[in-house]
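A single structure is presented below for examination.
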């Protein structure tokens, strides 16, 4: 069974992430969407909140699992007997960082392969950071993140 | 009347910024140079200092206004009835971040258009960060920032 | 009156070009869409065909003019008393070429300003070349180019 | 059965291509390495020579097929009932072109997915063009292309 | 005597840095590897540790000196009567930052020249940050950093 | 004696090239500016014209030699007992191509080192191609190329 891991901070999950997870789930037998705990120093949402939001928005995808991990991605891959990493690519800056991560992961375990998928053009400008930047001022983010995340932002940033 | 907003941190204003503001002011009826407060977590100059420095160096430009704002750029545009954003572009890294910002702003209000102008080649390496990095050690920054900013650096970093 | 020139090969015009022309026409008093003859060595469509296609698809835009020119863009700007160039930006490779052109144009006449506008995300992958590459094999290009261009491709590449 | 197509000009195949084909063949049930005829206007090797070289160097990979096609990649995918495209990524310039191709292919058929794999670092500078550029002057290309290609170059460019 | 300075944070030195230092030392009469203190806000290793590690791994290179400096690189160059800076280039993001630094250094002293050298392809993904990111979880970094640095990581991150 | 080769098409030499040659000549004992014949398929100036123009504009630089070569750069380096290549870097697109060339040259002979120098900001947009593109229409190129090249353009493109 081909198991792919889709790692990230997911602080919070956006429609861009969801697009990659959905399309990955059509190709791989199982996709594990894993919140990597060490990657974000100062997250807006706790790990538990981030996992809960991903669970809620992937509820209808039977072969998507949600998890979190504090440690090395390669160690997690081994633990899960997964040998494919999937990552969305948007822009040149993504590209260079992700190539660097894929190189080091291949160095640590040549049996693990990273597959890059192209983020849908309509989400190519979308990142968790930019959504947080505008959501804090009450901007309408309905087209950027799924409804449970819209609600979560409303709870984090209540209008006075 | 065509009103353009030139948003930024301006911590502090450099000859590169000034070049964009001047050329924007030749095309638009009014250019509002606006210090966006939320964009810099740990500025060297206070908002008041930054606004005062921009005021001083744009004093001779009758159609340039200086302001500051804490909030969403799009909300500021509405408040000012401005429908054009002008930004200088220097390098590829600028380009990707600015395209992302322009995309989200267009998403939030399709009626607002971002115009990118090319920074003069002789300032293509210039950023507020790099000026601060060298000014803290007393480097001569006369060619990089206008005289009032040179003086402001001397006050911030007095030679022992 | 603010007159902007939108220069290009337009071999043929795509929805990406049209998007820039439309949005430019909302900001400038007049936009002249000009087929630059020297830029393409081996075009698929003749200059006359390219001009006719642009005319047809911009018919409902009262302040858009269509023209062609063999020569230096700066000379054309002078002839038309236009002082703004508008160009769409899609990707990093665009960015570097266009910055180079904008630099040389500014060198040749500092009074001419180039404004870069961001191509709509949904057309960010679109270029005349790629449309021609797929249209020659009879691919459906209805979402990529306006109906008159779809028809023009059918005439150029008749199905056997 | 998961079938992936690895399209390209392969004029000629290099160790960089071979690396991607091998690693793709470990993940997919079948990989079809397909010489796309329309992509190269002025190839050094004929289609038949290019196919024969790929056949020879992939002889020991039971699940790799070699083919050639004149036409649209998407049409070939349909013909072969394949729904994955695999491509190696080396540099930023690759990245932008390949993102553009992947976008248009997704537009033409949303059911076809492109997976980008990272070229091994030791081949990151390698391209068919650069190998041809040096091989024409008799440079030693043993580390760049497999032995049959080394021999094919010797036949194309005999030493006087 | 041609003296080159190779400045950096070296937090800690990797095989990528070492490659540049070694090759620089073959061309210049003397290479001074200088830990710039101001560049890293929150280093893993102290300046003393970083200097000691570089000393240990360059012990067999007679024309390599190791030093540290808090201040402007240009002032250090003057103090050492050095007129060449050498820097390794790996990726596009490096390139832009380093071009910016080289520009400002040339502005501050036109007599100082920066020479960029290409990092060996096999280390093109390697940075101090990524090594620290994986070393903190006990990953094997033997191929990424010299033995004394491997040991230093073991001391910083003891296995429980 | 440290001998550096500065290879290129030089069709024709610009102030950007001249800047690199001059600064290279301040660091190396001898700089050989070599017109590589194979690199340009369809040059505007013949090899003899290009060599003559470089000779004329470097006449006052005693340690600059001018030459031309049809063949592999590495073979030329050996013939001249030179072990350094110098190249100017302007933009990201330059960077990737030049890194590729430097990699293959290092592969062909690890003893040859490529040093990249930063083109002066004021020439960062300048290339032989863009100068030819504007000179053919009689644009004033006095600030872009040295006087003998200005004259050569006038001879190539006489005004009617």
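All chains are identified by letter, namely A, B, C, D, E and F, in their written order; residue positions are counted from 1 within each chain.
To be clear about the criterion, a contact is a pair of C-beta atoms (placed from the backbone, for glycine too) under 8 Å apart; a residue touches a chain by one contact, two chains touch by 3 or more.
Here the structure is a predicted model, which is why all the values come from computation and not from measurement.
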Query raised in the report: Which chain pair shares more contacting C-beta pairs: B-F, or C-D?
Result: C-D
Query raised in the report: Cα centroid separation between chain B and chain C, in whole Å?
Result: 31
Report summary line: Rounded to the nearest Å, the gap between Cα centres of chain D and chain E is 38
Query - Distance between the centres, which are taken as Cα means, of chain F and chain A, whole angstrom - result: 47
**Report entry** Multi-chain contact residues (two or more partners), chain C
**Finding:** 92-93, 96, 99, 103, 121, 124-125
Report summary line: Touching pairs of chains in this structure are A-B, A-C, A-D, A-E, B-C, B-E, B-F, C-D, C-F, D-E, D-F, E-F
Query raised in the report: Which residues of chain B touch chain E in the complex?
Result: 91-93, 124-127, 130, 133-134, 136-140, 143-144
Requested in this report: Give every residue of chain E touching chain F within the complex, in rising order.
Outcome: 2, 23, 26-27, 83-84, 89, 92, 95-96, 99, 102-103, 106, 113-118, 121
Query raised in the report: Hey, which residues of chain D end up touching chain C in the complex?
Result: 38, 71-72, 74-75, 92-93, 96, 99-101, 103-104, 107-108
Requested in this report: Within their complex, state which residues of chain E touch chain D.
Outcome: 92, 121-122, 124-125
